[in-house]
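Some structures to go through are shown next.
Okay, so chain A shows up in both of these, paired with chain B first and chain C after.
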Partner chain A sequence: MAIKRVFIANRGEIALRIVRAAQALNIETVVAVSDVDRDSAAAALADRAVVLGPAAAAKSYLDPRLVVHAARETGCDGLHPGYGFLSERAILPRLCQEHGIAFVGPEADVIDALGDKLSARAIARAAGVPLVPGSECIASAADARREGERIGFPVLLKASAGGGGRGMVIANTADEAEAGFHKASAEAVAAFGDGTLFMERFVPEARHVEVQLMGDGAGNVVHFGERDCSVQRRYQKLIEEAPCTAMNDALRAQLQQSATALAASVKYRNAGTAEFLFDVMRQEFYFIEVNARIQVEHPVSEAISGFDLVQEQLRIAGGAPLSVKQEDVVLSGHAIECRINAEDTRRDFVPSPGRITRWEPPVGDHIRLDSHMSQGAMVPPFYDSMIGKLIVHGESRAQAIEMMSDALDNFRIEGVPTTVDLHRKIINHPDFKDNRFHTRWLEQVLLPQLQEKAA
Partner chain B sequence: MAEPDITDSLATLISEFSRSGLAELSVRSGEFELYLSSVAGQSGKRRQSGASQGEAGSRAAAAPAAQLAASAPPASVPVATPADLPANARIVTAPNLGTFYRAPKPGAAPYIEVGQTIAEGDELCLIEVMKLFTAVRAEFSGRLHAVLTEDGTMVEAGQPLFALVDA
Partner chain C sequence: MSSVRDSVAAIDNARALLEVFTANGWDSAVIRLGDSEFAFSRTDVLGRPEPVVAAAAEATLAVQATHSVTAPHIGTVVSVAAAGTELAAGAVAAVLSVLGETVDVVTAQSGRVAAAHVTPGDLAEFGTVLAELAS
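Take a look at the complex of A and B:
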């Protein structure tokens, strides 16, 4: 049954995004807020806002019982978890089901199965999705040599009891693998009291590539192309693009097919993303994990497909079939998204909450801004520091880069330091323009360059 | 948003109530208020203290009430403080969202009544979240001047529950 009133268990730009999508479908909206979010843009736009609890997320947005109680008592028949917070906690769909509320996301058991790393790898393997080539237990230096040759160098020797980089050795040749075995094993014994090792292919220059999926829960899955999210700092994405232009079309088709097969194999319901590591040198991709929710960067896929993913989420959760067939999904042009965070990039990206005293975003035909901010709005110190997502859609990557550069130049924010200036430097960097970067490029190349200039 | 006519739901509600075996049902939605009772001779919205065993299930009435709410437009957040409170009144607010109960269990007397004197640390009411009941205690002493929230309804974090004046 189509959802009549949806409860939005999130905050910030995504809460606002969900309210708008619901209103477009004539669904009533109730937004959950914490005490400090009473005056949020989502709360103002929604039919109703309810205050869950104090600012601390553990006592408001992160309490699944509180959230479902509020949804039930406000007469909601659907619940959208957004991203982060409770979005991938299986208890939320379980509580929703107990109380007759349609959860806008996958089934609880699917969240559990995909949330566990080993189980997710097993699902991927069974669906024929490539995993990072690796070994079983490495028992001797001879084993290390043989397995290294089989997997292909460079390889990473890892302590199976390990973590934090200890007992980890990179080997570029068979000789290094033999020598590395003794070193890694001794380190592992010293650190963990267990010298057991295993081996994985090491990808020195990887891109992060992911496929946007939508399933109906009956085994039908449609993809909306892939995104390249390789500009990262400490595993946090800063810029996302669609499509991935570092990959040829044949490989992109394989990637999309792998992701779709994986999701279909678990009869995936609603929106999800399959994440992959792309080995640029070898032109191979390996499965990382599935994010069982809508993602921050979904707008770049919406831009190139012209399809509203959040509206589709609400329709599917209401029991509707997929509204498009794969052949109806036509991808065109190139989209780029910059995450605007209230962070001081010159002080190790420290989150810098405060009041926005000036907010003048760029406007234009091919510019989209997803943000809950406005002049006078407060960035509270309790949650993540993202204050907006700036998205442009051009005919080509080069054009999109130009549009983004202009858009960033015309973005005036005062009151809090932001990442706008850093984005400008990334977007205009020759490596970015030439598409020559990888997931550690920002930390290894650009940030050190900027530090040198500043010194 | 079209305003659905609440009387359309009345007949269904009454027949569901009769079938449910519940003793009482109190429903409020915006301006609309309804009290149903299957206990002969009992009237008024408040449950009487020392009532019969038959009332044990009345707390389950929250479920049908929620269903009715689904057909009504969302209510606005209740007014924080009634205008007629004395200037020196101190307000006890809800620490989190939940269902507000004035009594420790269905049919029991409320923790506190208007006019009663309260010491710091006294239990004032319960807030229920998914069957988990948490007591709200007085953070200051005083005399209960007014109850600001309807028993058995959802309250939001920070919503005024009681007004206390100097004893």
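Take a look at the complex of A and C:
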């Protein structure tokens, strides 16, 4: 049955985005807020806002029982978790089901299966999705040499029991693999009491690509193309693009087919994203994980497909079939998104909450801003520091870059330091323009360059 | 009345900010939130010894000067002490239910219930005044 009133268990720009999507479908909205979010843009726009708890997320947005109780008691028949917070915690759909509320997302068991790394890899392997080439147990230096040659150098030797980089060695040659075995094994014994190692191909300059998926829960899945999210800092995405232009058409088709097959194999319901590591040199991709929720960067896929993914999420959760067939999804042009954070890039990206004293976003055709901010609004210190997402859609990548550069130039924010200026530097960097970057480019190339200039 | 809610919020805010501060590994931070200012420091670089404790203590003082019992989180009211009831400090002033589980809301100090502001079945949001006490 179509959802009549949806509970929004999130905050910030995504809460506002969901309210708008629901209103477009004539669905009533109730927004959950914490004590410090009473005056948020989403709360103002929604039909109703209820205060769950204090500012601390653990006592408000992260408490599944409070969330579902509030949804039930406000008469909601649907619940949208947004991203982050409880969005990938299986307890939320379980509680929703117990209390007769349609969860806008996958089933609890699917979230569990995809959330576990080993189980997700097994699902991917069974669906024929490529995984990073790797070894079974490496028991000796001779094993390390032989397996390294089979997999192809460089390789990464890792402790089976490992984590946190300990017991990890990069080897570029067979000799290094042999020497690396002794070092990594000794480190692993010291750190974990277990010297068992395994080996994986190491991709020094990898890109991050991902495929936007939407499933009906009955085995039908459509994709909305891929995104390239390789501009990252400490695994946090800063800029996302669609499509990935570092990939040829044949490989792109394979990537999309792999992602779709994976989702179909678990009868995936609602929006999800299959993430891959992309080895540009080899033109190969390897499965990383599935994110069982709508993602921050979904607008770039919406831009090139002209399709509203959040509205589709709400329709599907209400029991509707997919509203498009794959052949109806037509992707055109190139979209770029910059995540604008209230952070001080000169002080190691320290989050900088505070009051926005000036807020003048750029306006124009094919410019989209997803933000909950306005002049006088407060960026509270309790949550993540993203204050908006600026998205442009051009006919080509070059045009999109130009549009983004202009848009950033015309974005005036005062009161808190932001990442706008850093985005300007990235967008206008020759490496970015020439599409020559990877997931560690920002940290290895651009940030050191900026530091040098400042010195 | 609102001062109690604000004070409870101030304590919660102080705790949450302390968590943020600890998690981020900062050396020091001064955070302004409405009328409150929270100063955190690992060393004495700010020249303000034990600012966290100071902020919490101030908030506690404010609680002691007023007499309201508020909802610590959202919940459905199961019961609330009737007007005229004498309550010792730490006594149950109201009971909330969250998905069928009940939570006791206790008084911070003793007093006589001057008025109950909610009735069983009401959905009480965080900070809602459940009852007022007169000492």
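Note that the second predicted complex is superposed on the first by the 455 of 455 C-alpha atoms of A that agree within 3 Å, B and C clash if a C-alpha of one lies under 4 Å from a C-alpha of the other, contacts with A are read in each partner's own complex, and residues count from 1 in each chain.
Everything below uses one rule, namely that contacts are C-beta pairs under 8 Å (C-beta built on N, C-alpha and C of every residue); 3 or more make two chains touch, one makes a residue touch a chain.
A quick note: this is a predicted structure, and the numbers were derived from the prediction, not measured.
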(request) With the two complexes overlaid on their shared chain, look at chain A and say whether chain B and chain C clash or fit. (result) clash
(message) Just checking: does A:Ala55 make contact with chain B only, chain C only, both, or neither of them? Give me first, second, both or neither.
(response) second
(message) Quick one: is A:Arg20 in contact with chain B, with chain C, with both, or with neither? Answer first, second, both or neither.
(response) neither
(message) For A:Arg146, using the defined touch cut-off, is the partner it touches chain B, chain C, both, or neither? Pick first, second, both or neither.
(response) neither
(message) Applying the document's definition of touch, where does A:Pro381 land relative to chain B and chain C: first, second, both, or neither?
(response) second
(request) Report for A:Arg166: first if it touches chain B alone, second if chain C alone, otherwise both or neither. (result) neither
(request) Using the touch definition from the top, say if A:Val30 reaches chain B (first), chain C (second), both or neither. (result) first
(request) Give one of first, second, both or neither to describe whether A:Arg89 is in contact with chain B, with chain C, with both, or with none. (result) neither
(message) In the overlaid three-chain picture, which partner chain does A:Pro353 touch, first (chain B) or second (chain C), both, or neither?
(response) second
(message) Looking at A:Asp77 after the superposition, I want to know if it touches chain B, chain C, both of them or none. Which is it: first, second, both, neither?
(response) first
(message) Quick check on my understanding: which residues of chain A belong to both its chain B contact set and its chain C contact set?
(response) 34-35, 50-54, 59-60, 63, 65-66, 68-70, 72-74, 95
(message) Please output the residues of chain C touching chain A within their complex, sorted ascending.
(response) 8-9, 12-13, 15-17, 19-20, 24, 26, 31-33, 72-76, 98-99, 101, 123, 125-127
(request) Using the touch definition up top, name the residues of chain B that touch chain A in the complex. (result) 1, 62, 66-67, 69-77, 95-99, 128-130, 132, 154, 156-159
(request) Over in the complex, which chain A residues touch chain B? Could you list them? (result) 4-5, 28, 30, 34-35, 47-54, 59-60, 63, 65-66, 68-70, 72-77, 95
(message) Using the touch definition from the top, list the residues of chain A that touch chain C in their complex.
(response) 34-36, 50-57, 59-60, 63, 65-66, 68-70, 72-74, 95, 99, 350-351, 353-354, 380-382
